[in-house]
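Please go over the structures that come below.
In what follows, chain A forms one complex with chain B and a second complex with chain C.
On to the complex of A and B.
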């Protein structure tokens, strides 16, 4: 396949910008004609996937719409009803499927998301500096004022965690995050083994473009289900937005409690236990490749950091069967050379939010301070990809032969749940069971968005969507 | 009156075949039946509890007694029964992704079979030939086939440990207990409610 038409695709889809600052504005359209005018004015600003020959820009702009936003923009009814049903329903209505109950249920969400009907659009800024972020915010606010097209309901800021003056890829639990997204045909970027799909000969190849973008063949050789007309959908995709609060105090206390009984009970035991939860050491070294210690030579080598499989480790003696990364990207863990997972892959974007608490921070409010990750997933089918992973692999475990057990980190736990770390055959390292799992992560709101192509934005701005 | 009972789904599909093609399928079934490795993929799909194809010839339909008039049928029929864990979509996605060649070999003799890829028209076909289940009993609605298999492994290991323990010294018991733990460590999942169907 040749290169994609990158100038028609929003840059946010084709690349992780790798910028330290982000601001997500959630817009409410006041009036459809004026909102369309705003979109028309945004057209020249939205960052496309075109390559950055002059180097990275100071900031980027991207936009996506909720179903209610598209209704407000007065897209033809024939087009509106052609959107996939999960997108029409929205995230809140899919709560049962997603396991968004108990602590994660919408009564506990931020004010913004409790009345989801008001959120019409997501307007995202990524920036290299806070100055660039503010400048871009000012420009967009001016546009909104001039056109009267939208009101900002709220802003969500996010930023990479800075430690010792250096921008890191860490999230608040201390793990290196945000690398290892899937490769897709036609998407130009530096690829590495372990990121696409596993081939029968053990090599890795890019996934079909249609797993990421609408209008292209997917792994089943079909065009993804997409709204009509084709030109509105093509080069667009769907985005899942979730604000995930992290209970840092709970996580650290849990590690302390169980590490005291794991291995020698020392700090190394604590780090090893942490690695067994995720499937990676905190520096990103895959446990599968290096079960006994973090290894920077592996973590920092693109040919090694994502290049591993679980086929030789069916008993979980290296990477536990229920480890987070083994659940959400099982590679060949279910057999069939990974063919059961190639249509469940998602591309993740996003950054942490809130202040970073260093390991020495013993303040009592580690749980209550607003901090977590803004999780965004891009996929051609929210139901087949994101919702499936969330329901079947995060909050359920039959595919991994784990029955009803949930992901230790992300799972919405009930009383009495446990996490089994398979031991190796050395009697000094027996299986270890952590019990009484608390919720380490709590959902504070989110929604499903349609992230259109530049062409589609133009059609929407001009009110020229013809469903035929 | 449902195809779903807890974590299990019962699928019944009935497809007509021209009688001369039935003979080809019989030959294929004969081969599949006698060369076990050909069944490996089907067996390795661990969420399938059971899958069976049966040919019902047009002159072999149930005939209750003499008073029932013999039917005159043009087609033989292929019955497919399956019990699996997970959703209908997940099951057919997996079938299409992993077993497409085998499925095509079996179903291509049925009328209007479109092939098992691409998956959407295959799903449309299955939906058209599927018959809903009138009565469905399952002994363990909160367990999957994997859960039941795991439970067997754990019970067997517990029994062995319990039997051996009678004659073990405390040191020997410690070693035997560790060995027991390691033998069941990948089979300790919980049973429970099925995820919501979507």
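On to the complex of A and C.
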């Protein structure tokens, strides 16, 4: 296929901006006409996928809408009812499917998300500096005031974790994050082996564009389910927004407790155990490629850091069968040369929020401090892609031949759950079972959004959406 | 014996549902209503009577026309479909399985199958067995929910797996001699443990089927 029209696609969809600061504003539309006016004013500001020949801008702006936001904008009813049912329902209503129960149920969410019907739009800023972030916030605030189109219900700030003065790709548990995003046909990006789909000859190829963008053929050769008219959907996508609180104290205590009984019980055993949870060492080295130690030569080489499969490790003696990255991106772990997973891939965006607690931080409230990760997933079909991964691979284990076991890191655990680390006869790599899994991650809220193309934004702004 | 896979029998029944225009609600809807409330745990008829690995009951209204160049066809009747993987070898095994169901779960069976054409009821056992076998189809290939192990063997294996995992959690890293002593003790207790009842698997899963999940 030919190159995509990058100027019609929001930049947030086509690339991770890799900027250290972000601010996500959640808007409530006061009035449809004034909200449309606001969108019209945003049109010239929204960052597109156009390449940055003159270098990175200081900041970016992107916008997405909830179903209720589209209702408030008075899109025609024939268009509204053509959106996929999970998007119409919203994330809260899908809680049963997602396993958002118990500690993760909406009674425990932030106030903003307990009143999620108020949220109409997501207005995101990414910035290189805090000055640029504030300047852009000011500009957008002004637009909202001038048009009277929306008010901000709440801002969510997020920022890359800085350690020893250096911006890192780490999250709060101390792991380097953000390796696994897929390549798609037509999306210009420096591709690396291991990020698309596995081909029969063992090479990697980009996934069909329709796994990410509406209006293009997907891996089944079909157009994704999309609203009418076609031009409203084309070049747009759906976004899942989830605020995931991280219980850093619980994670460290759990690691300490079990590491004391694992291998030699020393600090290296602790790091090795941590790597067996995730499937990567803290620096990002894939355990499958380097089971005995972190190896910066692998972690930092784009030709190696995502270039591995599990076919030679069906017993999980290198990377455990239930390791987080093996569950959520199983590659060829389910056999059939990886073909079972090509319609279940998601593109991840987002940054950590809250202060980083160094390993030496012994404060008693490591769990209660507001910190975690803003998880955003982009996909053409929320039900087929994100919801499937969350339901079947995170909160259930059957596909991985792990019965009822859930993902150690992300799972919403019940009493009595275990995590099995397959091992071998090497005393440094013993089989091991961790039990009494607590919830390391708790959901604080979120919603499903439609991230339209620039053309679609224009149609919405000018009230031109016509489903006939 | 294409319905047989080792010691497991793949039973598939297609039972025509009564077509009575005067029945209201219709017989197929009455079956649907009854099946919707059929217990799935220890009170399930398939847990009460022994020998079921998996059982499915489905109401099939018609076959769906999917367009050219397919030939448009319709069923002559609505059907109740019963599919099960059971511990049985040949017709004799099937007879004893169905007899167990008829003896222990007659109330459920009669409540469901009374809406089917020609169903004689469980009270007349020979007629019941002939009826069920008359509705049986040769599948040649059926969904096998289990390997070649009986239901009690499978339940015991699951019990052993869970107990073993708990044992490992409790004892991993223990000195070899002590570990061996405890393992011998554990293994002897386990070997005399009663077979757990069916449909009493692990704790409930908080998973709901998604309407549009494929």
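Convention: the second predicted complex is superposed on the first by the 463 of 468 C-alpha atoms of A that agree within 3 Å, B and C clash if a C-alpha of one lies under 4 Å from a C-alpha of the other, contacts with A are read in each partner's own complex, and residues count from 1 in each chain.
As a convention for this text, a contact is a pair of C-beta atoms (placed from the backbone, for glycine too) under 8 Å apart; a residue touches a chain by one contact, two chains touch by 3 or more.
The structure presented is a predicted model; accordingly, all values stated were derived computationally and were not measured.
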Fit or clash - chain C, chain B, common chain A: clash
Which superposed partner A:407 touches (first chain B, second chain C, both, neither): neither
Which of chain B and chain C A:420 touches, first, second, both or neither: both
First (chain B), second (chain C), both or neither touched by A:332: neither
Which superposed partner A:396 touches (first chain B, second chain C, both, neither): both
First, second, both or neither for A:261, with chain B first and chain C second: second
Partner chain in contact with A:97 - chain B first, chain C second, else both or neither: both
First (chain B), second (chain C), both or neither touched by A:442: neither
Superposition-derived comparison: chain B or chain C, residues of chain A touched: B
Contacts of A:340 with chain B and chain C, given as first, second, both or neither: first
Touching partner for A:388 - first (chain B), second (chain C), both, neither: both
Clashing chain C stretch [against chain B; choices 94-102, 184-192 or 202-210]: 202-210
Residues of chain A that lie at the interface with chain B and also at the interface with chain C: 86, 94, 96-97, 383-384, 387-388, 391, 395-396, 403-404, 418, 420, 430-431, 433
Touch list for chain A against partner chain C, complex: 84-86, 94, 96-97, 99, 101-102, 261, 383-384, 387-388, 391, 395-396, 403-404, 412, 414-416, 418, 420, 430-435
In the complex, chain B residues that touch chain A: 7, 41, 44, 46-47, 85-86, 89-90, 93-94, 96-98, 117-120, 143-144, 146-147, 150, 175, 178, 181-182, 185-193, 195-196, 198
Chain C residues within the chain A interface of the complex: 165-166, 168-169, 172-173, 202-203, 205-214
Residues of chain A touching chain B in the complex: 86, 94, 96-97, 219-222, 314-316, 321, 334-336, 339-340, 342-343, 383-384, 387-388, 391-392, 395-399, 401-405, 417-418, 420, 422-423, 425, 427, 430-431, 433
